Amino acid sequence: MRIEPVVGAGLREQFHEVRRLSEALVAPLSDADATIQSMTDASPAKWHLAHTTWFFETFLLRDHRDDYQLFSDDWPFLFNSYYEAEGPRHARPERGMLSRPSLDEVRDYRARVDAAMEPLFGRPELVGLIELGLNHEQQHQELLLTDIKHAFSRNPLGPAYREAGGGAAPSADGIGWREHPGGIAQVGHGGNGFAFDNEGPRHRVLFEPFALADRLVTNREWADFVEDGGYRAASLWLSDGWSWVKQDSREAPLYWRDDEEFTLGGWRSRDDDAPVTHISYYEADAYATWAGYRLPTEHEWEVMAQGEDADEGCQLDDPEEADSFAHPRGSAGLFGDCWQWTRSAYLPYPRFRAADGAVGEYNGKFMSGQSVLKGASCATPRGHSRASYRNFFYPQQRWQFTGLRLARDL
Amino acid sequence: MRIEPVVGAGLREQFHEVRRLSEALVAPLSDADATIQSMTDASPAKWHLAHTTWFFETFLLRDHRDDYQLFSDDWPFLFNSYYEAEGPRHARPERGMLSRPSLDEVRDYRARVDAAMEPLFGRPELVGLIELGLNHEQQHQELLLTDIKHAFSRNPLGPAYREAGGGAAPSADGIGWREHPGGIAQVGHGGNGFAFDNEGPRHRVLFEPFALADRLVTNREWADFVEDGGYRAASLWLSDGWSWVKQDSREAPLYWRDDEEFTLGGWRSRDDDAPVTHISYYEADAYATWAGYRLPTEHEWEVMAQGEDADEGCQLDDPEEADSFAHPRGSAGLFGDCWQWTRSAYLPYPRFRAADGAVGEYNGKFMSGQSVLKGASCATPRGHSRASYRNFFYPQQRWQFTGLRLARDL
Amino acid sequence: MRIEPVVGAGLREQFHEVRRLSEALVAPLSDADATIQSMTDASPAKWHLAHTTWFFETFLLRDHRDDYQLFSDDWPFLFNSYYEAEGPRHARPERGMLSRPSLDEVRDYRARVDAAMEPLFGRPELVGLIELGLNHEQQHQELLLTDIKHAFSRNPLGPAYREAGGGAAPSADGIGWREHPGGIAQVGHGGNGFAFDNEGPRHRVLFEPFALADRLVTNREWADFVEDGGYRAASLWLSDGWSWVKQDSREAPLYWRDDEEFTLGGWRSRDDDAPVTHISYYEADAYATWAGYRLPTEHEWEVMAQGEDADEGCQLDDPEEADSFAHPRGSAGLFGDCWQWTRSAYLPYPRFRAADGAVGEYNGKFMSGQSVLKGASCATPRGHSRASYRNFFYPQQRWQFTGLRLARDL
Amino acid sequence: MRIEPVVGAGLREQFHEVRRLSEALVAPLSDADATIQSMTDASPAKWHLAHTTWFFETFLLRDHRDDYQLFSDDWPFLFNSYYEAEGPRHARPERGMLSRPSLDEVRDYRARVDAAMEPLFGRPELVGLIELGLNHEQQHQELLLTDIKHAFSRNPLGPAYREAGGGAAPSADGIGWREHPGGIAQVGHGGNGFAFDNEGPRHRVLFEPFALADRLVTNREWADFVEDGGYRAASLWLSDGWSWVKQDSREAPLYWRDDEEFTLGGWRSRDDDAPVTHISYYEADAYATWAGYRLPTEHEWEVMAQGEDADEGCQLDDPEEADSFAHPRGSAGLFGDCWQWTRSAYLPYPRFRAADGAVGEYNGKFMSGQSVLKGASCATPRGHSRASYRNFFYPQQRWQFTGLRLARDL
């Protein structure tokens, strides 16, 4: 659901919908599943549940209810993620050591905090913070899925998170191109509705004429790249990318094994027509070079997406239907299936200024070394994305549902 | 219980007693507790339960029951520890990724294997292998306790495995010395009863006159060493030990924090009269140098212990009483409380020859780089140790219940 | 000298001037000095001399003189830097193992190649390649100086490369601001004269109004930042930068020690009025945040520099005067003293396309993870820089003469 | 020469002979050759020259000549190796950064210290320290050769230290066995003559009957082991050894390449009859297992060697002939060619006590984690070794001239 809260009942309802989805996502997991951490980039499912709750407890309840007693004096240390202004915290690589608290204790924590939020929904000055907390939780919903996928992929038994339903992707034809004549246009978030601070200020950008592919690169096309020696041809790769390839003798996207790929439903036969996913920026760039095209800039993507329905193709919906996901299936439209690597480095927009205090650490401090991804993925909650959304990861990271849409100059 | 099996009912009874103790030890743990792995040296509790079962399944059921069907075709890959002859296996540092199988599934595995063992107790030619399997499981019972202690110590909440009972250690007086006049004596296992291959062959050793302390070094004495700058005086340390100290700015035994220490009952006030534990070989050696003594050799220790009751001071008994442990309390006698570092490198005895096949990998291949420890600890199952027992760890390892008994020349 | 070669005598003269400067720069070094490699980022002086010669031998003599015999069949393996298309090569971290060939043998190599170049100066189709080789060599001249500075800084004796002359920097007053009204302007190389491929194509950029400081940040100002706890305040730093600070407990620019700094003349008292140098991107960004300003974009810097004399303030001149450098002294103008970190990631300009073949690896493949620096430094050869020049380094690198010029929005 | 100094002229003569040999060994090296450090285990040749001089300057001149002025106040920091009691020192891995002082400056240092030693040869109370200093320098002579061999092996040009002369090894027949009946015998240094502290006290040892091979294992035999899959059969290896093999995909001794090996004379065809060398303890142990034998203990080796001429087969003689080495050639006798790995851990002898002060750090503090090697090698100076000599290295180290002599039980 798109979070467009109205003070009072509307906000309360949205709050509970978002919170329920998190719990529904954890339903298939055991306490043990929800405890393990498969790499430093990932966090345990239990941690996601608790951290998103800590956000509300800290920035809403503690700061705005005089009578609020912390659920536990020890837990804030455990469940602060990276907010330096909130003091010392548990080291990220240690999150997988937390067999305690148990998943059920974390659920109690959530219930206690949810209940304590009740008097705050009617206070207009808190709407912005509550919205931020809900959008924050939606981001962790997606991470929760990609993190558990990674954890399960490390288990030689290849367990399934859920038996995924859904049919094959529609046949992917040749690429069609959507053209843009160039000129000056506005990008960045404007108008009403929630947006993260990094999406603004809205500002003018000068474009040269370009074209954007009307679909993502598919598994079939990627297999051609592999077959053609793409992972062995240094000339196709950025220098850092080539080091990355050689360092671990990489030769395919994450989760590929022969003709299979690992999914949230376990190991499955790969669907040739579906979009390729779990690729790094380096791989996306090398493929584009091989194909004779390039990656779009973040602004090129955004200017083409303005006005599109960002939820078309969204698979992660209300809790009851939450089992019909999360796997790329070849959506129409620019959004959906996979976050799309752009050529743009994640940097501040002109006149960007981070908020004061801990909340100001939300986005700004990550503005070095990462690349912008646009769109949304099969694991993005409904209502969470928009054209101005700027997702960002390091160029070697690929455990998110990342994919590739080609661009070219006109 | 000391394992002295008689073919048939006696063997069966011992088998089930040992197997029950393992399960009793895991009773306080959740599935999540039993899943996490806090370092490469340690293994998850669940893994210990399954691996000891794999031993019986592989070397008894698979090899000696034609009609036996493996519980799972995939599990042997997961639960082989280090037997190269048994083929490829799951990497040790990955054991903490196994949220599946669940603890309950592992319990089912145990029940299935236990039942399938039934026809084998009556076959005399298998007694030796079954004994080996039971002694093997006893070793893992101790590891299970030290591994979960380590895992819980990494949790900032400091959870207790069990609320430990038991009073304070008796007052530790000055050291008394047990003297040995030197000469030739026999060491190594001889006669009947089970022993590991590394305890033999029994052979003659020439001794110079020496004396052995009648008790272990205590926490109070160790605190004096710390207070006196023991961890800052390079001259007391072996060169490797000094590097080890500086590398992580070490300044106390593992699990010390101010006046407390971490125990299986959580953080507790340190008992000054109790034996110091969780020290490395380097620390033991530095302390002995500081105190003006030395570590005993493994043979010195053994020759003094011959004839002593190895179970005196044993805390890890039958399942019903299993909660009255595992913490050093100042036992009389040479055994008990802590495994005692000796100056002896872990090397083969004269004419030692490892057995053929996978079982031959049990001990011999570890004979480099490690030091021998003698005695038993508060976490050693009753009946498991003896004077000829040779425990061994790397000099920097200290997550076992390791301690120190001084020696001197006469 | 600015390289504006004319086919024939003019080109020959420039060739020899550039080549002579390299040799002059190595004159103060012993064979041993020229052999050591202090980190992977740096190369031995001897290697720089040989690699720049390999460039001419490979791309000019081998490819364009049928009768040319390689100086050695083994050396191309040693002195290829990163050209994948030229085949396998010696690993970069191993360069410091090359005590052979000796510095004198490398000088012979240079003489032999220089002589063999003679017939090529008159061939118009080779002018571009020769120009590229000379600009390439100029880049290595600067690296040679920063690399030997780094190597000498690791020697506890603190040797001087040259006794540096020159007086103190002029008094640095308050910052003046040069304003730009915004609008559309052209950036990138256009017109005649040499430029690297990454400086083009020239293209339009849209600016918002901004102002650029009229001088670099000084040592005095940086000392205030240090004094004010700049290196201890997480809120000032990018997240990657804060990790970088904590990882090695950094608390000052590279080469600072109390009130001194290490220079090519050894340890010297720090000049408060001189520009601060040897700072990382992370430090530059944190300082700007602390000061209430920001880094300029590469385009902001460039548009202000268009038309300025890029050689004003240049210290690295002809061989005879080469001893009057290389230390920031507070030049007027935008160029000189220090390469200036910009906020811009090093990415391809619109419609950029790398050349074919090995020479195409010159710049394009480095376009990820690095930041653009503009200007020139006290170690940049005369005639090497220009407004469109794009230097680039990783954000943590600081062994180059890097500095900081503030910007702000209008 | 065996160092058996007589106070006065005899001692002076021996001093100068030893000191001259060091300089002769460095004669073929350039300043650059003498500067590089190819791994942390190794040191630059220049460093060896200076460190051995520092030993005399510190423990003789500084401590025993009131009027002595240090050659440099800074150099002791650079050239102390590991004597904690002598204060802080330059980090070992940084030794390769010392392009300054130059080799010639180090030679001046040697000359200055040698001259200043003059009045000390007549003082009887200093004979022991001077002897220690000379034996210490002899150890570094051997290290200097093995270190420069390692450094040159890293250079793709494969430079020769010296064009080595000498013919092929004599044909190696089947192994003959020298038998020992067992019983009690004395080991350790006794009587007059120099010995290191770790060789004593002399003490009784009890032997079981055994036999020792009358020659070392040859290259031909080792090639059979390789051919037979020795490096691929886990069952032959110690567990630590197998990890070591797999970690770097090892498949032959250090310096083997096809049918060649790297020598101090560069790459040469391998002599099948010569003793295999540059093997780790792990390799020696695996070979012995493969061959059906075992390594000797240090005491077995010593008791057989008592009374033998330790210099038979010595190649490293007086400076004028110093070019006829250092390569294993198949000596008769127990000494010579290669240091021989024993099964014995390097531990203190009964009643061993290190000397007080810095000199006490010479041997004792290394008594953990290492294995004893007996004999001498083709790079051991004449007069340096003896039956009681205990050399020691870590089990993975193999850049010394290490080899293997088999043993078996009787």
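Observations on the model:
Residue numbering begins at 1 within each chain, and the chains themselves are lettered A, B, C and D in the order written.
Following the convention adopted for this analysis, a contact is a pair of C-beta atoms (placed from the backbone, for glycine too) under 8 Å apart; a residue touches a chain by one contact, two chains touch by 3 or more.
Keep in mind that this is a model prediction, so the values were computed, not measured.
Path length between chain A and chain C in the touching-chain graph (shortest route): 1. Chains that touch both chain A and chain B: there are none. On a Cα centroid basis, the chain most remote from chain B in this structure is C.
Looking at which positions face the partner, chain C and chain D present mostly the same ones, since more than half of the interface numbers are shared. Per-chain CA centroids place chain B at a distance of 38 Å from chain D. Each chain gets one centre point, the mean of its Cα atoms, and the points for chain A and chain D are 59 Å apart.
Chain centres here are Cα means. That of chain C falls 46 Å from that of chain D. Of all residues in chain A, none touches 2 or more other chains. If touching chains are joined by edges, the resulting network of the protein chains shown is one closed cycle, each chain touching exactly two neighbours. Pairs of chains that satisfy the touch definition comprise A-B, A-C, B-D, C-D.
Per the touch definition, chain C reaches chain A in the complex via residues 82, 84-85, 184, 203-206, 208, 234-235, 237-242, 281-282, 285, 343-345, 347-348, 350-351, 361, 365-369, 395, 409.
The residues of chain D lying in touch with chain C in their complex are 30-36, 38, 74, 77-78, 90, 94, 96-103, 151, 154-157, 159.
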